[in-house]
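Got a structure for you, questions after.
Chain nomenclature is as follows: A, B, C, D and E, assigned in order of appearance, with residue numbering initiated at 1 for each chain independently.
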Amino acid sequence: MLIFLNHLINGISLGSVYAIIALGYTMVYGIAKMLNFAHGDVIMVGAYICFFSVSSFQLPPAVGVLLAVIACTALGIVIERLAYKPLRQATSLAVLITAIGVSYFLQNGAQLLWTSNIKMFPSFFSSEPIALFGGELKITIAAIVTVLACVVIMLGLTWFTGQTKMGKAMRACSEDKGAAQLMGINVNATISMTFAIGSALAAIAGVLFCSVYPTLTPTTGSMPGIKAFTAAVFGGIGSIPGALLGGVLLGIIEIFAGAYISTQMSNAIVFAVLIVVLLVRPTGLLGKQIREKV
Amino acid sequence: MSEQQKNSYPKPKLVPVPSTNIIPERDVDKRPILECRHLGIDFGGLTAVDDFNMAIGRTEIAGLIGPNGAGKTTVFNLLTKVYQPTRGTVMIDGRDTAGKTTIQVSHMGVARTFQNIRLFGNLTVEDNVKVGLHEYTKYSALSGILRLPSYWKKEREAHEKALELLSIFDMQDMANYQAGSLPYGAQRRLEIVRALATQPSLLLLDEPAAGMNPSETAELMNNIRKIRDTFQIAIMLIEHDMNLVMGVCEGICVLNFGRIIAKGTPDDIQANPAVIEAYLGKQKEA
Amino acid sequence: MAMLKVDDIHVYYGSIHAVKGVSFEVNEGEIVTLIGANGAGKSTVLNTVSGLLHPRTGSVQFMDQDLKGVAPHKVVERGLAQVPEGRRIFLQMTVEENLEMGAYTQPGSAVAPGTADVYKRFPRLEERRRQVAGTLSGGEQQMLAMGRALMSSPKLLMLDEPSMGLAPILVEQIFDIIKELHAAGTTILLVEQNAQAALSVADRAYVLETGRISLSGTGAELMASDKVQKAYLGG
Amino acid sequence: GGGDGQKDGSGAAIKIGGVGPLTGGAAIYGNAAKGGAEIAAEEINALGGLQIDLRYEDDAHDPEKSVNAYNSLKDWGMQVFLGSVTSGPGAATAAESNGDHMFYLTPSASSTDVIGGVANPLTGSVDIPRRDNVFQMCFVDPDQGAYSAQYISDNSLGSKIAVIYKNDDIYSTGIYNSFAAKAAELGLNIVSTTTFTTDSQTDFSVQISDAKNNGADLVYLPTYYEANALILTQANASGYTPKYFGVDGMDGILSVTGFDTSLAEGVMLLTPFSADAEDQRTKSFVSKYVEKYGDTPNQFAADAYDCVYAIYEALKDEDVSSATSASDMCDLLMGKFTSGSFTFTGLTGENMTWDASGAVSKYPKGMYIQNGAYVGMD
Amino acid sequence: MKRIRLSKTNRINFATYGGVILAYAVLQFLNGGGMLSSTIRGQLVPICAYVTMALSLNLTVGVLGELSLGHAGFMSVGAFAGAVAAAALPITSDPLRLAASMVIAALAAAITGTLVGIPVLRLNGDYLAIVTLAFGQIIKSIVENLYIGIDDRGLHASFLENRIIFRDGGRMILNGAMGVNGIAKISSFTAGFVLVMLVLVVIFNLVDSRAGRAIMALRDNRIAAESVGIPVTKYKLMAFVISAAMAGAAGALFALGQNTITANKFDFNTSILILVFVVLGGQGNMWGSILAATFLTVLPETKAMRGLADYRMLVYAVVLILVMLATNNPTIQDFINTKFRKKKKKGGAVK
């Protein structure tokens, strides 16, 4: 039982890291209707900036996080302006490929700037892990912060897109840019805003991700990025609570598959479960089942 | 429209067959091509269609009208199994369609057009029709890849047949144009040709005259009659253009809030106070 | 005074020359209609006015200001609203949210009275206020598109085939609304296939043929013209 | 001596090429090897005499691209090949160079598939025939695995042993296989065997709990240090502090930026190289490397450094020039390396020799980490 | 209105065949004269394999209209099936053994394609894409844990753990994550050329036939296709399985031109790379795929790019982005349209 709980906690911890990345993914994916494969790499950049602020410049962690958020927001806007905006009229696949180009660019740029040597991300949470059951079960503060941050971000985004004028404008743009313009919505500004928010979230995700799993290299973001994208689809494309649910479930399944079946096949099992779920619910766990009006 | 066209069939007399359903007298001794009994569907809490009963004679041109949102398109979707009905039955040529798919219903002889045009936009006009001919130009994919003699033979047949069908609307010249780049009216006509290519016994047209100007509409009316006469099939159409509906339809069925509020000949319908109230308005006569 | 002045615009889609030198004016308080066959270039003209398309040459002036280089959302802020062809409502948003989007340029306090006003005109929309717009019937969607445009209380309202796909009773209603809006002082530019109805409400009208204006005059004049009778009224 | 030959050809240096992952997820190894080799070449060129023109090409840790890189080095005129840095690509370029009869001395591609001719420890079959032109500077994986098992058994290091290895990595799997075979033979008590892959090396909680829950007191890690750093950190956070035993891939863990070296206290490893060694040569190498690349060199750098020197030693008294064909060079070097009389002393071992098997005869030093530094175990 | 003359499609098809034949002839000639660098010579077979992959994926993405992010999975199945077959088949003639291995590889990939396709093709759009991605990952995991060896009694296989015991003379072929090593390189440029030509013939002939029209109709409008009675699953599956089989053959060609293959090679990144070829070359545009696959395979290996040393991959990324921006720029597209397709028909008269 204790062991099970332990795995469950590990699963939630891993899952909430996926979820936090997935939330950023979903934001951009749901609004700009593009698979921003560079999202994982923006996470990496955010983590590096925080790392250097704290390790090399001895800034307090909070300032490091803030700098990461600012830098990634700017990076997100710049990428959007230079690489994605010229492709507004192009097919979504063309944008996808450009995003892949951006991803290569960020990874290789990071390697040139910061070398490929790994950096151990500093631990921000100096206090001891919380011990339960007489120390048999330990929960790290970083994990708890991640889970909390995840829920807060999910609620924040849900409120933002559902209730605020800007959020609704984003949804309008995601459906029909031309019609949105006719409503007086500045489509370019709105999409830039989406990227700014998505990238800011990426910075936070990067910091939290590296707090829990502290090895940092130029490729740190890519695999979690793909997993998080999977999680976002698993939860239902464009659904913000879905991204959270998908991320957490993916983490739990991954840990359980490794723990109870086989570490060798855990990746395969995760993806097999994903397939089965999508076959039963073809629009993801919380995806809206919009029937096409004929 | 000219007198002659109007009288290509004697003014129809609708007779009840079976039960409360009415079809033109000339079709009574044949099994109705379509029969709906107590058909209905709910979307969540919304009852979009309820207790829909109707029969269509084998060579009838029937109209389905009603205010926006009355459930007309939904009826078409039920008939073609785009939606599975919540209740009731649909019989095509006496055969129950329960559990059938859109594809199977098509093979049973029902073809349709769509309110929002759904062409194969990247294919040529001719290829759009050839897709409709799919069931009638059978050869295996392998003989297509290997270019066996059956490929050449069937392709030639398909080509000839496609041009023949296009000629109904005088569209042979457009055969090699990309369907998506045709003018709106031509796209609507092409949808009809494509539907005809499946050799249906019942053709469902959802607002075929939408976006057409009066002269185009008049021509369409002629063509609808021509199609029925040449192919001897039944046609059911949804339309808001009263000139067209009253001009070509023999039997008309009026829906409101998913229920039938009136059935009868154009004259009956135009005089029906409930229909005027709900649909026609106190307008200058159509 | 001319509220909208379109001067010799040429519009291209890539290499396709869709509008070949169109000029017309809409004066304050008028209903002006553009009629013409499918593909004549009516929608292209409207989209050029609202800034979605850019003329290669020629100019568009709205309220005495040149719209050259003005982004569409800025044009809307200046008091122009368009009901686009094919409705283009936000299918995944609810009816109410669609209306809110219509009031995007307006202060938040304008939303509630605007919505109430639209619901008064189209009670059907109020019944469906929480329904996702994508599942509305064609006619309901058209009502929503009209309602959405009215939310910004525009100075000039451009309607692209508002009667398309509507039941006769609704067509009548739409034209009643057009007349009402006109009476209330809104200037209207109406594009229609339904020439009969359009000409009967219009102060002035233009006939567009393959990218050029072939006829113009008052509504009554055109209604009486032989050419129009033949080509557009099925007479 | 061939002193004349070199003087004639001054300026026309011997072209030595190397291939390794300079970009992508494995870039850390390739760049280290490249850096080590460059330092060796600079030192040698500064000596006057035989000059070396060194060139490294990127393979992104991909066998196909490794062959492309090898081919582009051939087009450049490469005469001696420093092989690939990593094992999978190393096997591909080894086969290719064998066909070309190009001398191949790899710093770090340690799989037996590279040199060929070695029996698979699990099946006993010789799957790849010996490639006679291919030599290794590192010791082969099975030797390390078997040696580890022997060492653990001899010194009774663990009563219950857990193994975590990288399932999609040839190096790690190769060592694991021979370790498992040897451990079974020696009767070691392995209580937990878990794996990870490139795709899942962000989280080790499952592997750690498995080891912990099975009561393992020694964790064997035939993996590279960047994964090990995370394993140690995560295990510590979950309150699990067993003994660790690593192989040469563990080397480098102490120099990871930001790594809490106290976590590595007591970690045992087999390594031929230690950046903390006190000898003059290592010190000079380390300081040059740190100065040039800003990082402490790991064993890849040291092995590559040794490779360049070994080739230099073998050639410096021979009559070779930039005009010597790669094939002649290969005959010459193969002759030298397998002569039995050629010994080489470098950063990673003393009096190393090679035989026709291609494997180097040097034995890993057992080390453990004390106060953030390596200390010899014996 | 855009007018597509039948003869125009045919012209493009024949130009494509001609271009491929010409490229082959020129390269063979240069190679015979020893005028090709080792780099180019070493890439001839991989280029053919990637071109085939691009064509195959273009059938799925461009013709069927479904996004697949796991196409390298089929290549993987073909590569390993082909490598095992080539090692096990008792055929002495290399070309025959290659052909037989490629057929076996194509079959294996087709079977996998069927197994994957039946459940997956019920999904749409991005959900389908993610499921293909998942299958790619699963195939990779399976191969990484699969052991196949051969001795005089025949093939032996085990999963997860290598439990194979050989009689004398046996050897491992597929050694789990270590992949297949020491493959006899029996692929040749000529074989690659033949494969590309075959694949082109199949795709062009398929597209211009009843089945191809049905597939494209599904792509353009599924509901309308159903309404005219096109069996959706059948044709989706047909396109998908043909595409998988082609990828399998490409995998075998590739594997048998390499000394070593590992499951890692056929990961998500390779799937994406192939997608890049397709999108860059234009969806549904076969000659575009051929050019894009060739260009992007050769580009990073060119002298100029290698000369950039550390900046090579960075520049590659920039080139990729710029090419995407340029090919999708409306002004440039217009320019190409007006310059090179002057005789385009203007919009037809409206009745």
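In this section, a residue touches a chain if its C-beta (ideal position, glycine included) is under 8 Å from a C-beta of that chain, and two chains touch if they have at least 3 such contacts.
From a predicted model like this one, the values you see are computed outputs, not experimental measurements.
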Selected pair, greater C-beta contact count between A-C and A-E: A-E
From subunit A, the most remote chain by mean C-alpha position: B
Euclidean distance of C-alpha centroids - subunit B vs subunit D, Å: 75
Chain centre separation (subunit A, subunit C; CA means) in Å: 43
Geometric centre distance via CA averages, subunit D-subunit A, whole Å: 36
Interchain centroid distance [CA atoms averaged], subunit B/subunit C, Å: 31
Sequence positions of subunit A contacting 2 or more other chains: 108, 264, 267, 294
Subunit C: positions in contact with at least two other chains: 37-39, 135
Interface hub residues of subunit B, defined as touching at least two other chains: 73, 82, 114-115, 183, 185, 216
Parts of subunit D lying in touch with subunit E, wherever the complex brings them together: 22-23, 57-58, 60, 62-64, 67-68, 71-72, 74-75, 88-89, 91-92, 94-96, 111, 113, 116, 120, 122-129, 167-170, 173-174, 177, 197-199
Subunit A partner contacts - residues on subunit C that touch it in the complex: 50-52, 71-73, 76-77, 81-82, 84, 88-93, 97, 100-102, 104-105, 108, 132, 134-135, 148, 152
Parts of subunit E lying in touch with subunit A, wherever the complex brings them together: 61, 67, 119-120, 122-124, 126-127, 130-131, 133-135, 137-138, 141-142, 144-145, 160, 223, 268, 272, 275-276, 279-280, 283, 310-311, 313-314, 316-318, 320-321, 324-325, 327-330
Residues of subunit A that touch subunit E when the two form their complex: 35, 37, 83, 86-87, 89-91, 93-94, 96-98, 100-102, 104-105, 108-109, 112, 226, 229-230, 233-234, 237, 262, 264-265, 267-268, 271-272, 274-275, 278-279, 282-284, 292, 294
Residues of subunit A that touch subunit C when the two form their complex: 165, 168-169, 171-172, 175-176, 178-187, 288, 290-291, 293
